[in-house]
Structures are given as C-alpha cells and as structure tokens.
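Pasting a structure below so you can have a look.
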Amino acid sequence: MAWQRPDGRQSYQLRPISFQQNFTRFAPAAVLTKCGDTQVLCSVSVTQGVPKFLEGTGKGWLTAEYRMLPSATPQRQEREFLKLSGRTQEIQRLIGRSLRAALDLEAIGERTLTVDADVLQADAGTRTTAITGGFVALAHAISTLLQQGVLERSPIIGQVAAISVGLLQGEPFLDLNYIEDVRAEVDFNVVMNQQLGIIEVQGTAESGSFSRTQLNSLLDFAQKGIQQLLIAQREAIANWNDLYQG
Amino acid sequence: MAWQRPDGRQSYQLRPISFQQNFTRFAPAAVLTKCGDTQVLCSVSVTQGVPKFLEGTGKGWLTAEYRMLPSATPQRQEREFLKLSGRTQEIQRLIGRSLRAALDLEAIGERTLTVDADVLQADAGTRTTAITGGFVALAHAISTLLQQGVLERSPIIGQVAAISVGLLQGEPFLDLNYIEDVRAEVDFNVVMNQQLGIIEVQGTAESGSFSRTQLNSLLDFAQKGIQQLLIAQREAIANWNDLYQG
Amino acid sequence: MAWQRPDGRQSYQLRPISFQQNFTRFAPAAVLTKCGDTQVLCSVSVTQGVPKFLEGTGKGWLTAEYRMLPSATPQRQEREFLKLSGRTQEIQRLIGRSLRAALDLEAIGERTLTVDADVLQADAGTRTTAITGGFVALAHAISTLLQQGVLERSPIIGQVAAISVGLLQGEPFLDLNYIEDVRAEVDFNVVMNQQLGIIEVQGTAESGSFSRTQLNSLLDFAQKGIQQLLIAQREAIANWNDLYQG
Amino acid sequence: MAWQRPDGRQSYQLRPISFQQNFTRFAPAAVLTKCGDTQVLCSVSVTQGVPKFLEGTGKGWLTAEYRMLPSATPQRQEREFLKLSGRTQEIQRLIGRSLRAALDLEAIGERTLTVDADVLQADAGTRTTAITGGFVALAHAISTLLQQGVLERSPIIGQVAAISVGLLQGEPFLDLNYIEDVRAEVDFNVVMNQQLGIIEVQGTAESGSFSRTQLNSLLDFAQKGIQQLLIAQREAIANWNDLYQG
Amino acid sequence: MAWQRPDGRQSYQLRPISFQQNFTRFAPAAVLTKCGDTQVLCSVSVTQGVPKFLEGTGKGWLTAEYRMLPSATPQRQEREFLKLSGRTQEIQRLIGRSLRAALDLEAIGERTLTVDADVLQADAGTRTTAITGGFVALAHAISTLLQQGVLERSPIIGQVAAISVGLLQGEPFLDLNYIEDVRAEVDFNVVMNQQLGIIEVQGTAESGSFSRTQLNSLLDFAQKGIQQLLIAQREAIANWNDLYQG
Amino acid sequence: MAWQRPDGRQSYQLRPISFQQNFTRFAPAAVLTKCGDTQVLCSVSVTQGVPKFLEGTGKGWLTAEYRMLPSATPQRQEREFLKLSGRTQEIQRLIGRSLRAALDLEAIGERTLTVDADVLQADAGTRTTAITGGFVALAHAISTLLQQGVLERSPIIGQVAAISVGLLQGEPFLDLNYIEDVRAEVDFNVVMNQQLGIIEVQGTAESGSFSRTQLNSLLDFAQKGIQQLLIAQREAIANWNDLYQG
C-alpha cells in the first residue's frame, strides 16, 4: 500500500509557498519564506571587500550562513557554538554555491553579499526553502543596491530554486515534511535554474539503495516542483524583468 | 534647549508595545514582542533536570539566552561564536535573574525553563523588551504545562517588567530608541515587580556623573512606564488570575 | 575540440588502483590505497560503546575521520585544528554514511568501528578512494574480529565502492585527477553497491548547469568504473565469500 | 532582631583599607590593595596603540582584566580558560568603565592603559576593591609616565572609588564581607567620583524586592563609605595635587 | 674575559632565597617564594578524586599549574587563554613530575593535590623556584592535612629542590637571572632529591653545543646550589622531622 | 638479573634504521624513517616569510610539527584537536630546536622551513627518530632548493642526530622499544652534532633517582648510538659533501 501523506497532498504536490518581504526593516533585504510549516528568514546584506583569494580580481562574492533558532523544533535545540555541525556546514556551502550560480560576480565588484538563512520554524525542507527564499531576498537586495547607485548593472544572470524529493515505500514524493522526511528511504535535494538546468543534485539512500529508474522519477518530480517555484519567485520579485540579465 | 524626541513622543511616553503569541507553533511558548521598532522573539522551553548546584533539592531553574540575528541592525553584525561578548553575557544573566524573581522554583520541580530572546530587529531597549516579553512567554508556557499536567500548581508568584530610562541634555526620558540611546549621558535599566518593588537597577554615566536627585527622577519615570507595561502584560495573558499565586 | 587527458587515458578509463594491506601493523586493519597518484591510508579500529542515540539498542556504529597530511600537496597545507573545514566534515560524513550501508549494524553489537582515512598524497578523488579503500580495510578488520572471536558472524551485507566523474568541455570523463578536477565544469561523486544500486550521488555544476542527458552519461561512466572497482576490491579481500552475508 | 556583623563592625563602618605600592617592581604600577581580608593586586601597564574604533582619533583607551588566583578562596577555583564566566566579564567591564570616567582620554594619546586586577584573596567586595585600588595604581602609573616624559600633562580629571552595600534583615550595611554577602537580600555596588556624583550603580534583589526608600538608605551608606575611601586614596597618592586636573 | 655578574655574585653563588608562609590564608598552603627578584606564589590545595587512570587504585595524584601574572615582567604579557604555550605546558609537567618524586602516592589515598605556581615577578629561574618553593608549600599542606586527620601518615618520602645553571662565555654560572639567562650559551635545569640523586636534568645549547666536561662542571655547580636549597627548605618547614618518612 | 631485551639486542645495540626518500612526491622532501617498528614520515616544506620576531632581520626560521596518526598504536588514539597535549608540544619544540642547531639561519633568508613529523607507527623513540630522519629530509629539501636556485648557498653547518637511552634494572640500554620504554626507571633523550657535541639532553627518573655515574654511562651509550646514526644519515644523503658547510 502506498504512502498516505499526512496533510493529504498528492505525491507531486508542493506545500503552499509564500514570501513576506520587508519582514524586518533594517537589513537591505529580509524575506520571511514559508513553505508549509517551515519558516526561514532570508536576509541579505552587503559589505565591502572579498575573501583573500579574490582580492584584486575585481570580482565579488556571495556567502551564506544557516542557523536554526532553538525554538524552531518541538524539542529545544542547543545553539551551535564553538563549532558548527557537519550538517550546518554542508547546508551553508550548498546555499552559497547555489545562489552564486545566479550571479555574474564581476558585476558586483569587490563586495561580499551575505545571505543569512535563520530557520524560525522547521518542518523539513529548510535548506531548499533557504535557497528558494534566499534567491528572492537576493533579488530584492540587488534592486535596492541598484536604486542606491551602489551597483551600475544587475549581476543577476540566472534564477535559482530548490526542492526536496524522496522515496517512501518505493514511490517518489515531492517536498517532504518532517514526518515524511524521517520515514523516507531516499532523500534528494535538487537545485535548478530558470531553464531547468541542474545546478546541484544530492541524493542519499538512508536505507538500501536506489535504481537509475527511481532516480529519474525523483528528478521528474523535482523538475515539476521547481517549475512552480520559479513562477512563484518571479511573482514575488516586482521588477524581475529589469533585474534579470540572462 | 531640551531634547526633541525624533518620534515626537513626550518625555514620559512609552513606545507602542505588543505581544504576538504563538508566533511559531513548535515551541511551548513563542511571543514576538514589539516595543516600537524593537522586535524580540521570546520563546520558552522546558527540559528535565537542573544545573548541578540544584540537583537533589527538588527545585527547578530558569535560564536565558539572548542573541541578535545578524540582520537585526542596519550594518550586519557577526554572529557570536566561540565566545559571547561581555554585553551578551550581562544581558543573559539579567534576563534570567529578573524572570526567576517571578517564580517559586520549588513549584517547578527539577526542571529547567529556558527563555530564548532572539532579537529580530534592534532599535534599543532589547534587554528590557526581552524581560517584559519573556514574562508573557513564561506565563504562556506555564499555562501550557499546567494544561498538560506537567505542573500541578502555577509557580508564578510575581509579575516582572522592565524599561530603560536615560538622561539627555540633563533631563529624564523614558524608553529610549537607538538615536536617543547613543546620545544619552546616563543610561538606566530598571526591573520592577507587580508592587513596583525594585528587582534590579543598573545605571551608568556614559559621560560625567549623575546626582541623587537625577537618579530619583529617572526612577519616577521608570516606575510610570512599568505601571503601563504591567497592565499590557496582564491583558496579553488570558488566564492571568489563574496563573498568579501572589 | 575534446579534452585530452594529461595522462593519456581514455575518457572511460580508471587510474590504476591498488590496496597494500598491513601497511602498518598495530591497527586492526591498515590499507594503503593508491588510485593513480592519490594515496590514502585507510585504517579501521574498534572500540567498545556507541554514540548516545544508540545506547541500549544492541546496535553498533561506524564513523569516519578524514584528514590530509600537510605534505600531501605541492603547497604545504595547514593542519585543521580547532575547527574542521566544511569540506572535511562533508567528506567524513559521506565516508561514514557510505560504509554503514555495507553493514548490518546489529551484527556488530554495541561497538564502534572508526575508519581513519589519512591522505598521504592528493591528486584528486581522495574521498572516493577513501570509500573504496575504506571498504577493503573494513573487510580486513571484520575478518580479524571474527578470528579473534569478538564477532560471531560477519556484519557485511553489501559491498561499497565510489568514483568521481566530471564534465570537461561538455563531455564525461571518469576518475578525474587534479589537473582535470580544477577544470571540470561539473563534478560528481557516486557511491554504489554490489548490485550497482546507488548509495549516494552528489553532483555540482562548478559553472553553468547540466542537463538530465548529461547526468545520465555521467552515471553510465560511474557505473562502469565502479564495476571494475568492485572486482578489484574482491580480489584484495582474500576471504570475501566467507565475509559477505548478502 | 538586627544582623550582628561577624567582625563586630557598625553597620556604616568600612573594613580597614590599605594600599601597598610597588608590591612588585617590573610593572609601571603595582598596588596590593587590601580591604579587610580581600586582597587585590592592581597593576597598570601601557602599550602603544588603541582598539580599532579609536584608531586615528588621537584618543587613548583604558581596559581592565580581572581574575582570581585559584588559591584565593577556601575551595580551589578552576582558572577561567577557553571562556570567561559572565561574572568575570561583567566585572572587567565595570572596572574599565569606572576608571575611564577619571580620565581625559585625549591627554593619553593613542595608547592603551591596561589595569590588571588579580585577586590574591577573596572575602567579598573584590570588584569594588579593584576599582578603588585600581585608581591608586592608575595615578601611580600616570605619575611614572609623566616623569618619563611619555605624557606631557596628566589625564586625571576625576577621582573614582567604589564600595558595596547591602540589605541584611531589611537593614542597610556597608562593605559586606563574604559571610554577609551570601546572606544579603539586596546587593549594591556603587561607584562615585570626587564630588560624590554617581558613575555607576548596580543593585540586585537576591530575594524579594526593595523599595525606593531602601534604595536611598543604601546610597546614603555608600556615599559615606566612598567619602572615606576618597580620602584614603589621596593619602596614598603622594603627588595628588600635581596629578589632578579637575 | 670572563662574565661579570651584574649583581656581583660569585659564579657558584645562589641569589637570596626566602619562603614566606601563609602569604594568603584561605588556601591550605600558600608560600611566597623569592629567589632574588623572582617571586612565585606556591599554593597547594586538595580535592577528592583522581584522574581516570588512577581510579580504583587507592593511589593519589599531584598535578601542577604554572602561570605568570601579566604584570610580572617589564613588558605586560598577555594571559594565556584558549591554549597554553608549549613553554607553560613543559613547565607544568616538570613541576608535577618533580614534586611527585617526593611522595608516596598510596599514602595520599584517592585525592589530588594541586600545586599552583603563580609568578608575581619574573627575573629568570621561575620554574626552579616553583619547584623549590612548591616543595615547601607541599610540606606545609601535608602538615595541615595530618592535623586535620585527613591523612593518617605523611606521604613525604623525599625532599626535592631545583636550580638553573648555565654557560656564559664558556664558563659555568649558578642560578642565572634574566640578564644572564638571555645571554647564556647553554641553559640547564636540574632537579635533585635529598641525597643529591638526580630527578630530572634538562640541558639545551642555545647556540653551538657543549662537551661532556662542561656538562659535568654544570652539574657540579647545580649540586652545590641544591645542597644549600635543601637546607633552606628544611629550615622553612617547622616539623620536617615529623613529616619526612624517608 | 639483568634485563633481557625482547628483540634479543645487545644493550648497546641500535634497532635497524632506514631512510626511504621520496616516499611521497609532492612535498619538497618526504623521508619515511624507520627505526625498528617505529615509522615516522618526515617532510619538509618551505614558505615565504618568518615569524614576527624575525621580520626584517634577513634570517630564516625552522619550525616543526609532530603528530601521531590514530592508527599508529594498538589502541586507536584520538587526534589532538582543540589543544595539543603537553607531550606533543614538548616534542615539537625539541625537534625544532635540534634541527635549527644544524642551520645558518641567515643563509635561508626570510623563509620558514616546516618539518612535519607524522608518526605512522609507534614503537617508542618517535621523537628521536623524528630528529634523525628530519635531518635527512632537511638535507634533501635544501638540496632541492639549491637546484631550484631558491637558495644560493647551503645553510647546513652541522649534522644532528638523536637517540634514547634508559636504565632498566639499573643498567643502561640503547634505543628502547615500547616494552622497554614503559619499564625503564630512567629515560633519556640525547641530541648531538657531528662532533658529538651535545645539543640537548633531557633525562627523567620515572621512579627513584639516578647518580652522576649512571648519567655518564647513559651518555656513553647515547654517544655510541649517535655515531652510527651520523654515518647512516650521511650514507642516505647523496650529496652530503656539497651540502655541508661546516
């Protein structure tokens, strides 16, 4: 018997997604992104200077930080202090890599954009929500920097969104929530661009293994989900046509 | 010439205060507290066990953590990692001490309540907002624990609220915002209980010194502000009369 | 024009792989694994006890540590101290996850196997070499524990090997060396089991994106490489038929 | 019944205070300050340069470090390593703030004065003893720097001393020792200048709360104690009239 | 031309040594040890329990901590925090090893003696002064523990003292001060017992090397110095004959 | 009855020593040094720049790092992380000091040579093997730097080798293995140069003490062992006569 989703969704159905812009007002961009019960505050800020390996190249950089508030989960989680967990570091690196794929780093100049993804509430899919919402915040921040004359032209050369998919009882499901995530046999995170080109794919068998056929079904589901996310993002970015230099 | 408040308030006037309960749904209590443009998410969670010095005494404990999100201020602030700043530690200790004054620790049993005060937006007064909002979250969490049968009787034996006052151009002002805070010659944080008994007073001359007379004016202002906060808290706690064991 | 491999290999050709067992004699297993110029010392040791989340379950655990010697690369690299890089943590987690997929953890009892992958010389593919060689060391260690009577039955229920593949000038290549790795547009690490079921796939576009078709070509190459590695592993494990409980 | 002081003092009476100058000879100033059984070695040293936020301003800085020797208390205390306790950080910041109030930072130039307060023996009141003794050491160090021609004019524009007061059985007592400190219901630390202007006041109710009337009694006591300390300090500073630029 | 000692001593002459007992009164033993201008506060305290490797053996342990106050030297030295320097760790281990050689650890029971050597003033020879003074403090602490009935019999089975010697312009000198220490070509620390048996010898050529003949001259000097220190120690330990179980 | 060596050696006999050069190929020098069952990979690399205290002096520096692989001993040892043990720091400092004694630091220019001594297998004598093998690696690296024209003249002005000696049942033995090391009453490490001048001597009585006569016997043994090591080193350094500037 196939898996019945606890929230009654179809296997190929996303949770409701929303982007609340200007959630706070001091940062250049702050977008509270909700994907079902997962809530991630995605902020973007700008600082002068770049990491050492880019100094003098004229290129900019984008880096990401990811954290959970202790109150984001039913059981309070200790803040990460002294050292970041491997999981947190993997996620930070993934967010950074994915969003850099949307940028012409030369158009930023020697500046660093920092994307802060602070999870206020966690119901699985926090890293993909951080990427999808982080892109909206990034666009918003770029828009602000263009208005302020800090940037002369938009560095946005792509659109990036991400989603999770997984196998439950051998069948593919899109956008797992927490209950599904812990039961999934295979867990995938997929990042794609506006042409559904793949930016990153990470798939892990939590138990057993999976076949090439299953992998292709999972990617079909991911692709469909990301198509919808790309539309939702563009709706949330008022001046998308001005910003996109693709 | 006297100081003109940038937001047009009278010298004795508070900023608007509000308590948004159930801001997130997984923690036992999560209250988004706004005091003007200062926004602090106050969450309370419960864990079994107490610090070593209380083991075997039958008493419970309350501890607090305070952090700013990097995006809470116009210039992004680095997360505190590896070590907490002296400022953060002082604030955490103050919040913990103040809220413990509202509790009969024996009525909690050997459990630890953790108050997380995460500043989403900072326009001065974050520590006093954390105390005032933390008390509302604490009452909410106690209410939940009573309903769940975890606690048999309410440990709330007092009500606690806090406010800042300061001297600007030699005159007292209530509830400073950021612009005022950086200009103040003297900066006070005052914590009081339901009878306007003083729980804690901390006053620092940023330049020069202040007289006993000035100290008394500042405390008069603080007292008036706290009277209003106490009313606002009770309005935000639906079942206050059931919880209060004073 | 297509990429010419600096070492003259065909695009689908592995580098020579070898497993030097008993490279040191004090650890239960120590296999110097060479994949071309990449050399990883894979050691396995056993300790009583398991991480907290497994205590009392009767199950065992396998964990991995990965490090580079400072002299492994042309430019000396600082040892990681105080904190591990995100890269190192990702690799450690990947090695651990992959090798656990080969084990029936209940057959280990409440013991922890630690796989140490120390890179003596790095010419790309260190993480996949660590997995492929780590599996041989694991089998060797299990064999020793069976002989010593520590284990009653072999916990090995699968065989695991890993390889990298990448796109260079749009075409797939198997088992990249360092020169190729830095030029690759897309970089994949693939872990498979004895039935070529996928345990893990991680693919990243370093520039641009890649199509579903390209992904499938890359997995075809990976599959062919892993078939050869599985044979090489079994040749290196004298008593494979006794150990394998699949 | 009122509190009987274990050492027979009147409620308004200080413990004997003394300042042993040149306790060690290599530091610019090293004053062993004894307040009853509390002994704090207050040293002052000078380094070129200032913290980042003052670079290029022409102003100097004063910072403080506070530590207890492990042997200062009946039960050996672990040295603080890896992180400072919140208590230590609060005290360091208080000492620094208080002593900076005595200085015209411009007259120091871009130099940093470091006040080290090392507690050799602890019988309560260590932070106030550190401030009172630290001021004597500061004056001594300034005197040396003037003689050496490092400074052209004395930066001392104020005199600063500190004392603790507390409520025991509802009544105020001056300069608590350890036995009193642990029993006090309310604990105050007060820092004043040569005109009895208040630099800092910190008062905490350890149990219950305190009234405005009680607060005023406590400040009356503190004021009387500090008047005596100010005299003792001036007696200990040979060339006070030359140094004081008030 | 031979080295002229800056303080006019003969080459074989010690600096004045003194032991000020009960320098502070809360620790079981606190001996301010002066060797010329070098001043080390040697304290001994006792705690229940032993390190893991001794648990259940019935044996006790002695460990040492060594630190310099920042004000101990003409240029302020940063406190060691987060990590101890190699030098400090070497010294701590040397002090511990040397003083353990004086003890029958079984007579201590499962307790740990901690020797804190805090250098108040440093004019070279701090580690040897810490050992020589630490032994006096140790005897004092043992004496107290016997009086308190904590110990039934004295664990002191040896007497331990230490001194430095060095080569300056090829000739041996005893008990170098700072000026000599930085100029010495060879630097030795020697620890001996009551029978002038060697407990530890550490000799380093700072430049060039030294011959077996020179080594023997240095040990002759060290032996003469230690003979005098052994006498001085016994004079400082009132009840030496009762304590010594040799 | 005298101690019978477990491997049948005479008391004055070294274990077989060998130097496998170019053990890995990316570092400037990598010599796998075996002394019996002790195996240390000694690598040397070069970086521009020197520590602060040498900047602008024109002199170079040599520093050493020492670590054990977790698999080097029968029981897996945790990697040192967060802090180095006192033992590791002592050994690193000893290796660095000893090898610097072989160099004219001015002939290196403002460069830093780093000697990495990674113990692959530990059967006692790891620090002396690291020094003896580190010298061979150093010569090899210098040779490479001369060929590359990085250095104009060889900075090698001495030859350095090291060995351990110890007392077992009161008698001296050369080059202890692990079984002997844990049983030795006295443990010595001796570093000498090409003229058998002593660079460093460190001797510790693990139990009891030792006499001047015993010390001299131990040094006689050490001297004989080092004479053989010096020959073995010169045989392993092809162009010794060109490199040595003694």
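So that you can tell them apart, the chains are marked A, B, C, D, E and F in the order they are listed, and the count of residues begins at 1 in each.
Here is the rule we use: a residue touches a chain if its C-beta (ideal position, glycine included) is under 8 Å from a C-beta of that chain, and two chains touch if they have at least 3 such contacts.
Treat the numbers as computed from the prediction; the structure is a model and nothing was measured.
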{"item": "Same-interface partner of E-F, chosen from the options A-B, D-E or B-D, over half of the pairs matching", "value": "B-D"}
{"item": "Between chain A and chain D, centroid-to-centroid distance (C-alpha), Å", "value": "52"}
{"item": "Intercentroid distance (Cα basis), chain F paired with chain C, Å", "value": "34"}
{"item": "For chain C paired with chain D, centre-to-centre distance based on mean C-alpha positions, whole Å", "value": "61"}
{"item": "Centroid spacing, where centroids are CA-atom means, of chain A and chain C in whole angstrom", "value": "29"}
{"item": "Sequence positions of chain E contacting 2 or more other chains", "value": "none"}
{"item": "Going round from chain A, first to chain C: chain order", "value": "A, C, F, E, D, B"}
{"item": "Residues on chain D engaged by chain E in the complex (per definition of touch)", "value": "23-27, 30, 37, 39, 41, 43, 45, 47, 65, 67, 69-76, 79, 81-82, 114, 116, 118, 120-122"}
{"item": "Chain B-facing residues of chain D, complex", "value": "83-87, 89-90, 92-93, 97, 101, 192-193, 195, 197-205, 208-212, 215-216, 219"}
